[in-house]
Every structure is written in C-alpha cells, then in structure tokens.
Amino acid sequence: MDFLNAFVALSNFVLIPAIAYGSQLALGALGVTLIYGILRFSNFAHGDTMAFGTMATVLITWWFQSMGISFGPLPTALLALPFGIAVCAALVLLTDRGIYRFYRRVKAKPIILVMASLGVMFIMNGLVRFIIGPDDQRFADGARFIVTAGEFKKMTGLSEGLALKSTQAITLVTAIVVVAALFWFLNKTRTGKSMRAYSDNEDLALLSGINPERVVMVTWLIVAGLATIAGVLYGLDKSFKPFTYFQLLLPIFASAIVGGLGNPLGAIAGGFVIAFSEVMVTYAWKKVAGYILPEAWAPDGLVQLMSTDYKFAVSFAILLIVLLFKPTGLFKGKSV
Amino acid sequence: MSTPNTPTARGGEGATALAGDTPFLIGEAMTGGYGKGPDILHDCTIAVNPGEIAVIVGPNGAGKSTAMKAVFGMLDLRAGHVRLDGEDITHLSPQERVRKGMGFVPQTSNIFTSMTVEENLEMGAFIRTDDIRETIEQVFDLFPILRDKRRQPAGELSGGQRQQVAVGRALMTKPKVLMLDEPTAGVSPIVMDELFDRIIEVSRTGLPILMVEQNARQALEIADKGYVLVQGANAFTGSGRDLLNDADVRKSFLGG
Amino acid sequence: MSTSLKTPLLFAVVAAMIVATGQLQSWNTALQILNFGLISAIMALGVNLQWGFAGLFNVGIMGFVALGGLATVIVSMPPTTDAWAAGGGRILLGLAMGAATIVAGILLWARLPRGRMRGLVVAAVLVLGFALFRTVFDGGVSAVEAVNPASTGYLGGLGLPILLAWPLGGVLAAGAAWIIGKTALGLRSDYLAIATLGIAEIIIAVMKNEDWLARGVKNVIGLPRPLPYEVDLQQDPGFAATASSLGLDPVTASTLYVKLGYSALFTVVLVILLILAQRALHSPWGRMMRAIRDNEVAAEAMGKDVTRRHLQIFILGSAVCGIAGAMMTTLDSQLTPGAYQPLRFTFLIWVMVIVGGSGNNLGSVLGGFLIWFLWVQVEPVGLWALELLTSGMAEDNALRMHLIDSAAHMRLLTMGIVLLLVLRFSPKGLLPEK
C-alpha cells in the first residue's frame, strides 16, 4: 500500500484537471445563470458567445505575437483578453439591441427568447466558422509547465509524477479573481445590488426606480466578460475548436441547473460537481487502485467506469437526477 | 352622466364635500380599466389631505386596489385626472410618480426576498443620490425590529415583519405621500393591530397616507377620511367616524 | 390574400422552384431535393406536433432522427452469425442485467421506507449491478468487435426488409422520448429543451462509440434497398427499351427511376402522417392540446392532466422524427453516425417549422420543402456571391481565398438570420395557424 503515490496520481489525473475544468465550467455557468436571473431565459447561444469571445482573443493574440509582444512566462492571450472581452461585449450588446430587446418590450414568453437565442447561436456559430474556420486552433504560449512530472519525481523521490500545467494554475487563479470580483460587485455596489433586486422582483425593482435597460446592459457586459474568460481559459488549457464550445453548452447548463438556475453561488458549486463527476467517472482508476489495494487485489482492467467519449453522458445523467429529485437545484434557484 | 372633470355627488354627500378641502393627492372622477379590458372604475374619486389617513374600503371586487393603482398610474385612465400637490400627474408613469414623491407598497411581492433588510431599504432609495443613512435610521426608529434583523434576508422574516420592510422600503424615497395596498392582508389579528399602530406612527410624522383595506372596521377607526367603493364607483364618503356610525354603511359593509 | 388561396399558391411556388432546378441544373438534383424535402417535411410535421400543438420545445430532434437511422441497421442488415456466436448472447445478457439493475433501483426506491437506509440500499444495488453489467457486457463487446473488424465487427441486424425499419425507428425514438418526457415534462419549459439537447448528444455518442451495435464511426454501408439497384435496371433489356423509347439513356433513366421510386414511397408516408396529423388537430384531442398550450393553468384547473397529455404528444412527435430518420438512412443506404450534426438535424428542422407556420400541418410541410431547397441552394449561391464580390481581387489574395473557403459556413449564418427574421416579423410563419 502506498498512499502517497496514490494521492499524487490522484492529484495528477483527477484533482488538478477537475479543478481547472470545474473553474472553466463555473465561469460559463455563471454567465448562463446571470442571463437566466436577469433576462429570464436559457441562453442557448452561450457556448457560441464563448467561442466568439475566444476567437476575438485568439486573433488579437496572434497579432500581438506577430508584433513580438509577449507576456513573459504567461500566455500572450492574457494580454489580449481585455480586447477580446471588448469585442465580445460589443457583439453581445448588438444582439441584445437588435433581437432580445424587442421580445422584452412585448413581454414574450421565455420560450420565444430561448428560440431567438437559438437563432443568435446559429449566427455566432457561422460568424466564428466564417472568420477563423472550424478547425482546432492553438494559441497558448509562454511557459507550459510550472512543475513537470520529471521534476516532481526528482524533487520528491516518488515514483509517481505530478505535472502542473501553467494553464491550469492560470485558470484557477483567474477564476478565483473573477468570481471574487463578481461577488463583490453583486453584493457591495449599487449597480450590483440593483441587478440582484431586478432578478429577485422585477416589478418592485421598476417601482424603486431601477432602470431595467441599464441592468440588462450591465448584465450582458458581465456575461460577455465571463464567457470570454471562460472560453479563453478552456482554450488555453485544451484547444480552441468552435464545435467543442457548442458542445460545452450541455455541461454548462447542467452546472447551472444543478446549482439552481439564477443562483450565482449554485453555478460555481454546480460547475465543480459536474467537472469532478465527469473526470472521476471517465478516469481509469487502475493506477490509483494499484497503489492502495494489496497486490493480490490489483485490478486487471482499467477500472474506468465509462469511456471518455461519454463524458457528456455524465453531465446529462446528473442533470436528469437533479431534475427528478430537486428541480430547483442544490441551492435554491428561481422557479419562474 | 356628468362631465368627467367635475367631481359628482353621485353616491353620497362626501364627494362634494371634498371640493372644499385642498387634498394633497387626488384621483378625480377616474374612469378606466386594465389595458383594453372593460372599465373597472366609473367616475371614481379618491383623495387624501395633508397629514391625514384616507382609507378605501368596500366589498370584494369593488375596485379598491384598482382605484389605488389608477392613482399610482398603473392603468390607463379614459377620463379623469390625478393631481399631486396641485400638479397634474395623470400622464406620468408610476416610476415618474415615485420621483415626484409618491411612495407605493404593493399588496404582494412587495419586498426583495433574497436581499437583506438593509439592502431592501437601500434599493428603496435607489433614485436618491444623497446620503441615505439618516433615512435608514428613521425607518429603524419607526420599525425597531428591522434594526435587529437588518442583516437577515427579508424572505426569512415573518409576515408582519415583511410588511414593515415593505413600508420601510417605500419610505426610503422620503415620499410626500404614502400609498398602502392592503398592508394587513394575510397577517394574524394581533400582527394586524401592531401594523395599524405602526401606520398611525408613520402618519404622525406628518406623512399623508392613502390605503386600501379589507378590514374595514379597524381601518375606518384610524381613518380621517373613508371611501366606500362599490362596483368601481364611490358609494359613501366621509370621515372614518361618520362612516362607522352611518347606518347604511354599517348594514351593508360592516356586518351590522 | 386569403389563406385558402395562399396555401396552394405557396406550394406551387416551391414546386416551380424544384422544377426550375430540374430544368437549369439537373433532374437528378431536383429529385434529390424533392426526396430530402419529403423527409424534411415529415420531420417538420413531427416537430410541429410538439411545438405547434402543445408548445413543447424539443432541441434534440437529431437524436430521434439518428435512432431511426439505427433502426435501419438493426432491421435490414444480415446478422453476423460469428459475432452472435462469439458474444452476442453475452451482450444481450449484459444489457438485460443493466436494465434489471435500473428497474430494481427504481422499484426499491419506490417501495422502501424513506430514510438514509433507502438511499444506501439503492446506491449499493446500483453499484453492484453496474459492476456485474460491465463484467458481463465488456467481455461480450470485445468478443463481438474482434470478429472480422474490417468489414463487420458488430452484431449485424435481423435481415428483414428495410421498410420494417421505418416503424421500428419510430418505436426507438418513442422510447427515448418517454425517458426524457418522464423527467423533464411538467417542469419549466427550458428544462425540456436542455434535456432533449442532452439526449441527442448522448444518442450520437453511443452510436459513434458502440461498435458492436452499428460499427460506430466505421459506418455501416450498403444497406439493403426497398427498390432495385441502378445497375440491375440498366442490364434489364425491357427497362433499357422503355428508357430509349422515352428518349433517355439507360443510365440516367435508371437513376431517375430509383429516385422517383423513393419519392413515391416517401409521399405515401407523408400523406398518411399528414392525414393523421390533420385529423388529430381537428379532433377533440387536438383542441384540448391547443387549449393546454394557450392556457396551461386554466386547462389544469379544468381537470386536464397537462403533464400526461404533454408526454403523449411529445412521444408521438418524436416517433414521427424517428420514422423520418429511418427513411433518410434508407435513402442514403448507409449509416454514418459522424454525419449527425445538430445544426443540420435539429435547428434546420426548427427553421422549417417556424418559417412554414407553427400549429399548421401544411405549413410545416411547406417549410420542410422550402427550407430544404434553400439549404441546398444557399451554398452554391453563397459561393457564387463571394466569387463575384471578390472577383476584383487577385486569384491568390489571402482574403479572397479565405472567403471562398468559408462559403460553406454561409448556411449557418443564413439559417440563423432567416429564423430570427421570421420569429420577429412573421412569428406565425408563411401559413399561420387558423
């Protein structure tokens, strides 16, 4: 039995990747949940908003790289991020003006807004593919690792290596900063409180003189920021491919619903629940089991509950379970 | 039918008596309904004088809340006027009326349940740009229980406490007139008595109050002026005491 | 314009467009558009049942269509006897054990008294059952997939006529719809959308990865046909004689003959489903559905079991999509799971329903034809437009090359814009509900 090596293997293959992925999902789910809370519909275009913001960032990153601008050991994409957010925000505000605002005015049923978001999804998807193409794009630069598996083994003398990619560390740090800033904004500033008030009770918010158009605009700005950051972090960690971002919609929605739609805290918790389940269910536990179990019990197979091809099935299964047993989510969400 | 602009004596002596007063807020000869629906109010007049409490009572479906909402601009009037402190505000939106100094407490969903008591008050003062701490202290003085619960989500409070939050929220704009839509709906009789006490206290600060009440007898007891509505029109109007003593009113609305 | 005149007129326009394609491009293309138009019309009819009749938002049409495709393989391909001998029984046993585990879990959950024990017992049963299922199932799968993987490596089908796959496709889709409907109906409308989006992705994932079932991404090709093969027709002297008497060479005649044959088959299905849908729409059941759609609260107050009715129509609509899916795979005569894209199989159908006129069966049929026509023709037109636009630039201009390469993505953009424009300016569609 070798708990130390088992823990290192577990951290290397499960904990660290799941924390990074969970942070990315949490940021994505925060965007979905904010739109749901304020504009009261499920935004199907969110995955493609992420893709669009990331694309803008990627293009600016390439431009910076071509001019020789770099961010030292950090990826140049972080420098390009604010500009990417600005471009994404512009597009998102434009879609709100051109499309969603009309349905707000006529007080359309939420499902009509969902449909409109489908149309927006189409367009954003087309735009992204039109501009950057449907293929995989890599844009990460700077240092690849903080600690490599080899270094770790040399340092500790353990037989298991622990690699910490710089993108994973960046993801976690950025996510913490962004979430902290978001919660500070929502809980401490006048505008943030007015957003919560509007989400809580629209009529009373109007009565209190809160300007709904302003609340909606600020919400879109924040959502554009969250989506772009989530998309860029995911792209740095893995790679940028438009279709993958569309597919992220499912785990992101699952996260938001598991946590309780409309509840920001729930979105974060949901993101980690989904990420950990996905990674744990699709991880081959043979190695970890080999360290913990006595030799005679060591498993023959991979001890993998499900192949990685079914990772979406995991988020889906969790989603169904939550819908069956607790439709408002783990944290109390809005039941509009 | 009379011309829309003149208050009519139809339905009682009170409506004409009003002409002599100088009401602070008056909805005069209001006729209208929700959207394109049928008229609910018919030539209905509601007013409140400076420093007084005016109460709207009447049977279910008499249009009490509708009358108040009409005064607050939540439905389109086909005829009639609303005047605040002599100014015609008939065509202003509810939001604009809040800015003009009207405070309104809806009957339901009148607090932000997920926000703390203090945040509810802050949101009440959203249109103000000056320092609101003093007003918060005044509200806490009026409703001491809220000071203890200031950091609690308002949704966790009891029914009576929620109503206090709701009234407190409306007071945060430092309104010149306060409108309450059935503030005691759904609370126990003991809590109701306490709420009435609080309302009287608010009124003692000099703030005119217009309120709709289901509990006609208790409401008329604290009212300077009472309006009995029937089918969207003024049936009886007078001081609270007069109405309580009026045989007709007693027989039809107060159960003898 | 009165609707009674508008309907035939619009259909005539679409027919003229297809005929024009035949005249200007080729009759082959025109018939291909017609055949896929017929299938699209059926899919749109199914979605219209759900959305137009009941206001249910299904974003997983692709999954139900793919299940129909799977049905064709299960029904029509010859069984791989070696694979059955190697592990077929074991796979079936494994699946049965898996199903038994789930049923046991549900029954225990329902029967046991509330409390912590219940959760533990159910969890233990599920974990144990899953382990057993995997042990039995995995062995069978690897045995089956090892049998001649280059050409089979799967269980094969039942070797029955492929037309039987059409109803089976409907049944499979109905089964999936039942699972989704049971969980997501009765909740907020968005939840159904998300759940259907999820099930579609998972169905595709299963079809891509479970090689023993239908060869996964290795595809099943050469599905049997309900109609004769072109080569056989060409060698038939009688057919050649008839063709030449019509002034056609035998090769062209044979392809046209086969395509027309499909058109006839599909038309029969479409007409049957259309008649059924029309009768349903005007039956008391259809009226009740629309009453529920328009005011759920009132319908519920009148004692209608809204969730149950919704489940019914959701299953029916999905089954229609499954039938259409089976028909489409029959027409393709191959199953390629990698080809199922949500934009093509879910959202395009939505555009058809919305544009055609939700709540109107004929509208959906019209939308199916019209949008399919545009879907096929927008790409060449887009390419042409871009070439015209960039004709001033040099042949090797980077922007020009990029734009021309990206012409394929014009479709997404166009469909998105069409959907938004119709939703905004003509939400009732071309043929509004009466």
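Going in written order, the chains are labelled A, B and C, and every chain counts its residues from 1.
Rule of thumb we're sticking to: a residue touches a chain if its C-beta (ideal position, glycine included) is under 8 Å from a C-beta of that chain, and two chains touch if they have at least 3 such contacts.
These figures come from a predicted structure and were not determined experimentally.
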Average the C-alpha coordinates of each chain, average all protein C-alpha coordinates together, and give the chain whose average is closest to the overall one. A
In terms of CA centroids, furthest away from chain A sits chain B
Euclidean distance of C-alpha centroids - chain A vs chain B, Å: 48
Inter-chain centre distance, chain B versus chain C - centres from mean C-alpha coordinates, in Å: 59
Report the inter-centroid distance (CA atoms only) between chain A and chain C in whole Å. 30
Where in chain C do residues touch two or more other chains at once? none
Quick check: in the complex, which residue numbers of chain A touch chain C? 41-42, 44, 99, 102, 110-112, 114-116, 118-127, 129-131, 133-134, 246-247, 249-250, 253-254, 257, 261, 301, 305, 307, 309-310, 312-313, 315-316, 319-320, 323-324, 327, 335-336
Residue ranges of chain B touching chain A (in the complex, touch as defined): 94-95, 98-99, 104, 106, 109-115, 119, 122-124, 126-127, 169, 173
Hey, which residues of chain C end up touching chain A in the complex? 55, 57, 59, 130, 138, 183-184, 187-191, 193-195, 197-199, 201-202, 205-206, 208-209, 342-343, 347, 350, 354, 405-406, 409-417, 419-420, 423-424, 427
Note which residues of chain A are touching chain B in the complex, please. 190, 193-194, 196-197, 199-201, 203-210
